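As structure tokens, here come the structures.
Here come two complexes built around chain A, the first alongside chain B, the second alongside chain C.
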Partner chain A sequence: MIDEQMAVFIGSGLRLAVPIIFAATGEMLSERAGVLNLSLDGMMLMSAFTAALASWATGSPLIGVAAGVLVATALAAVQAVLSVTLRANQLVVGIGFNILALGSTTFLYREIFGPLSRDPIPGFAQLNLPWLAHIPVIGPALANQTGLAYVSILMVVVTWLILKYTSFGLAVRAVGEDPRAADKAGISVAKTRYLGVLYAGILAGLGGAFMSVADSNTFTENMTKGAGYLAITAVIFGGWNPWYTLAACLLFGFATALQFLVPALQLDVPVALLLLLPYLLALVAIAGFVGKSRQPSALTIPFERGG
Partner chain B sequence: MVMKNPKLARVAQGARLELVPLQVVVPVVSTIIALGIGLVIIAATGASVVEAIEAFWDGMAGSDFNIGASINRAISLALVGLGFIFASRANLTNVGGEGQIAMGGMFATAAALHGAGGLPLGLAFIVPLAVGTLAGAVWGGLAGVLKAARGTNEVISTLLLSFIALPLVYWSVESFHLLRKPISDVSSLPESAEIPDSTKLPLLFPDNGSPLHIGLLIAAIAVVVVWLVLRHSSLGLRLRAVGLNAMASRRAGMRTSFYVILAMTVSGGLGGLGGAIMILGQQFYLTSDFSSGYGFDGLVVGLLSRGSAVGVVIGALLFGFLRSGSINMEISAQVPSAVVLICQGLIVIIIAGSAILTNRKVTR
Partner chain C sequence: MAVLELSGLTKRFGAFTALDDISLQIERGEVHCLLGENGAGKSTLCNLVFGVHRPDAGTMTLGGEPFHPRGPAEALQRGVVMVHQHFSLVPNMSVAENLMLGRASAVLKPQDIIVRMEQLAAEYGLEIDPEARIEDLSVGERQRVEIIKCLLGDPQLLVLDEPTAVLQPDEIDALLAICRQVALRGKSVILVTHKLGEISRVADRTTVLRQGRIIETVAMEGADIRSLVRSMVGRDVQSAGSVLAAAVDIEGKTPVKPSGDAGPASPGEAVLEISDLVYRDPHGVPRLDGLSLTVGTGEIVGIAGVEGNGQTELGLILAGLAAPSAGAIVVGGTSVGGCSPQEITDAGVGIVPEDRHAVACIKELSVAENLFLGAIGKFSRFGLLDKSARRKAAEAMMRDFDVRASSPDVSMASLSGGNQQKAVLARELSLDPLVFLLAAQPTRGLDVGAIEAVYNRIRAARDDGLGVLLISSELEELMAVSDRIAVIYRGKLVGELAAGSFSREAIGAMMSGHAHV
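Showing the complex of A and B:
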């Protein structure tokens, strides 16, 4: 009985963590280049909706994911123009995009699906990898995931490799720490930051699409429920390091999953307290009570040549 | 980046812009563009634009009741907007209006239900207002303390504090030990009992059926006080100095952390007052989502105003009327009210994107 519930808990914790892992991993790279995308939640929401719509229309969740990523990347491109070229306040632009994304997805959802639609959205099947299922306790939870969930871990590895071993990764780090020096060394600050924001858009798109076509097979209004903000917090919590960020995302995922486990174990803890737990953890984390870390020096500061 | 002298930049800017005050043109043009796009979207849904606008107008100002309701909405938005510009005077961005409203409304309800009802001389509603203000002030001040003591970015902390406040309100109306009303034959909804009549804000025009209440006077006083403090007091100057250059202010003998905490506390307090007025003036009982959207609306109002208290009043009225109109448009013309959210998002993005026109110096 307890084992069964633990398996469910671990499974839902992982599923809740996946969208945050995607978004946070992309966001981390963008922030290392000096651009903070507060619009992450909006990108995820737009992608979740577009993926649901495209999957519903074509019957193919794969096309859904592609469409979701495309829209999120387009949003990221506009965000990059505003943040990098027009040097707009990155935080304000981000909030604007989040309001826009909430408004437009709610509007389109009601127009296309109607206010009370329960139409199932074609989604991915779980893989059920037998060799994983044999691991005690966590095995079944690890094995019963969609392919996209494994892609999220792959993206963490890819991002880590990019940052550590490629010239682009070096450029990203240089531009985020000292854009003036990077510029003098012949690195295009604007190009590097554009690519960083687009990378964040692609991964946020994967995270958003995961929510609608891999996790729940439905779209609901404001379905991200602040997951984008959690992802940004995970980056801060993780000290701009891909592996610590991954750990922070898993922590948030499991903290969110507690709201299903605690009532099942018949513990008398108010659900509301479990709902706010991830955010409270995040607040404690960014207040620096859990190890002090240093953010990229040029984070949120626009760069102007020769200024 | 060689820091330009902000004062010189401002003087130069003033000289350049004397004929065309871009600070006014940009918000007005952005609003017009956004509303234009909103109309195009409505037309694209196949709904009758005329019918939609009629329904919109009717909801905004079709009757004394609707006008009063719209202005009542504007009151809370104005208070949140004032809080936003107060913090931004110290170069702090308080995006946690939603949480501050929520805390203000929750504690005002608690005060109104438990104790304040029997107080004489109008204290029955003044005490809950004060308690709500205090709750918002604590919630905002917390972000100030974190900023001053730990260097925590106030944008992230106020956002997270909002995500923490909303479940707390949910908890308070879910639990019978807290504010949830006992289950009766007629209702078992998770909400608080209705507050006593003595704690409701007195109406300004009780005879013509308008719900307009004395919150209008409170908001008017707040507008004047914030305007005086920000523009014509040494406190306003000090807040600005701390915001522009904390290190120089410290060298000049100012306790910068004090001003950071003060700015966030006052900012949060204004949001809390806005939340308290929503409960005591119009809704009369607490529900888990009573603050929904007001925080971001208030934030947009603050952004639109570009730091001017008069701008906050105009923006708050605009959004108060827009919100009333959009609700009626959804009911009578079947156009989703989310259109207004789209317009608001566009307004914020266009204004932020055109900051390069109005503000050459690097912000933040």
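Showing the complex of A and C:
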């Protein structure tokens, strides 16, 4: 009984961590290039909605994911124009996007699906990987995930490789740390930052699409519930390092999953407190880690060439 | 054959013409010096050649082909490289990573860079550890990395913007030798400086700039140094005295006290006593490591040292902008270590901080407001500000200290650097009580006329019985103004010289850590 509940807990913890892993990994790269996308949550929400809509309309969850990623990337492109080219305040732009995303998805959802619709949406089946299932305790939880969940881990590896072993990664780090030096070394600061923001958009799109098409097979109003903000927190918590960021995302995922485990174990803890837990953790993480781990020196500072 | 040819180049910033109709040829294999005072347009010219700025008029050709770089990337592609006054290295990356930055290849190949570094080390004697982090390197080493970065791609033209300002004397010699090596291999070098001493040692030709115009271009063989100085400052060096000679560092000329200077008033009782001062930065690195120093009344004590050896931190602590980790500071009998800036001011300390723009004044406020920044209450009547009284007081102060501005109500930002600094000096020297003055890099970025004014003010303050601590990276300045020079190295004083026994060699040796013999 306990074992079974543990398996469910681990499985749901992983599942809940996946969208945060996607978003945080992309955001980490963008922040290493010096651009903070506070609009991450909005990108995820727009993608979740678009993926649900496209999957519902075409019957193909794959097309759904593609549509979601496309919309999130388009949003990222606008964010990049505003924060890189027009040098707008990145925080203000981000907040604006999030409000726009929440308002527009809620409106369109009610128009298209009708209020409080619970129509199921064609989604991905869970893979069943027998070679993983044999691992004790965590095996069954690891083996029964959708393909996208494995992609999220793959993206962490890819992002780490990019940052460490490619000249694009080196350019990203240089541009986020000392854009003036990078510029004088012949690197296009704007181009590098655009690519960074678009990368964040693609991954946030995957994360958002995962929520509607791969996880819950439905769309609900404000279904991200601040996952984008948690992802930004995870990047800080993880000290802008891909592996520590992954660890922070898993922590948030499992903290969220406690709301299923604790009642199942019939422990007397208010559910409201459990719902609050990941956000409380995020607050503690920010309070404890901001300033201690070194952020990219040029984070949120627009670049302007000068003498 | 000319590598670079400029004709009719003009560059304006708003209403200010930084460069006016510049025509110039740089030959293959020559070291060409650009000489001029601050603001003469040297850096602007370099930035045009390197594509940082674009000219408003005129044309450039490189190797016979039209050359109009739209950015540094394009200049680099054409074989023009530049070492900037402020280094462009990413501090928390390794040497090898910095060298790989911006070089085409999708996947990083650190091994290739290390091989190339070994070649350059053999060819030019430029050795450095590829794994070292930039932030752990000395200023001289960082500059070496910059030069290696420039030479990696086998350039045609190397531009060095004020490369010697941050170096100690033996590093300057090494740099000039490298310049010659580079020129010997058929590349051209543009060396920007306002120091004549360096020019005569390394240049083939020199172009003198003044107020954005070319005054003359001369071959250095058999050139008359004095006439170069005249072209540079637009007046006779003799009439300006030794201060000017010191400011431009004329080779072989030992700075002497100007006639009429009575020399040090015999220093009286100690007005500043620092004992065993220790300061650790937020990372725990000791920046000051048991420094002890005494300044008497009527005495100017100069602090010499290569930048980054603790003099900046000493200035910050004396100004109350950083708290010492250990040790004591006593001014006129009052302990001020770790006190707030207000308490330090009340103890009679005037401060001319190193960073004029960030700390000494509020550029958006008016000159009058800046002059009485610390004494707002003085012009308050029943809680209201008496602006006309303040205006009158400001006018008097501006007259006394020769601060040139159209009115006390114009913003500080509209003043030249020299006048801003004179305003800061006016404010600090008008404090009451006043027993001690700290002047940190007081002439940085000023033109020769303003430098003289600042020196005269500091000397006058000394003659009035003030103790003065002068922190400067300009050796010539220290030798011309100080009564005593103490040399700082790695957060400690390593030696002291009294006026009359100053020598570049002795101070230079101590600056690099060799204790005074």
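Keep this in mind: the second predicted complex is superposed on the first by the 303 of 307 C-alpha atoms of A that agree within 3 Å, B and C clash if a C-alpha of one lies under 4 Å from a C-alpha of the other, contacts with A are read in each partner's own complex, and residues count from 1 in each chain.
By definition in this document, a contact is a pair of C-beta atoms (placed from the backbone, for glycine too) under 8 Å apart; a residue touches a chain by one contact, two chains touch by 3 or more.
Computed from a predicted structure; not experimentally measured.
Asks: Using the touch criterion from the header, give the chain among chain B and chain C with more contacted residues in chain A.
Replies: B
Asks: Is A:Arg180 touching the first partner chain B, the second partner chain C, both, or neither of them?
Replies: In the superposition, A:Arg180 contacts both chain B and chain C.
Asks: For A:Ser188 in the superposed arrangement: first (chain B), second (chain C), both or neither?
Replies: second
Asks: With both complexes superposed on chain A, which partner does A:Tyr165 reach: first (chain B), second (chain C), both or neither?
Replies: second
Asks: So which bits of chain A does chain B touch that chain C touches too?
Replies: Residues 180, 307, which sit in both footprints.
Asks: For chain A, which residues count as touching chain C in their complex?
Replies: The contact residues of chain A facing chain C are 165-171, 173-174, 177-178, 180-188, 294, 305, 307.
Asks: Spell out the part of chain C that touches chain A in their complex, as residue ranges.
Replies: Answer in residue numbers: 43-44, 47, 52-53, 71-73, 76-77, 82, 84, 87-93, 97-98, 100-108, 149.
Asks: What residues of chain A sit close enough to touch chain B in their complex?
Replies: Residue positions touching the partner: 38, 82, 86-89, 91-93, 95-104, 106-107, 110-111, 180, 226, 229, 232-233, 236, 270-273, 275-276, 279-280, 282-283, 286-289, 300-304, 307.
Asks: Over in the complex, which chain B residues touch chain A? Could you list them?
Replies: 1-2, 4, 41, 45, 93, 95, 146, 150-153, 155-157, 159-161, 163-164, 166-168, 170-171, 174-175, 296, 299-300, 303, 336, 338-349, 351-356, 362-364
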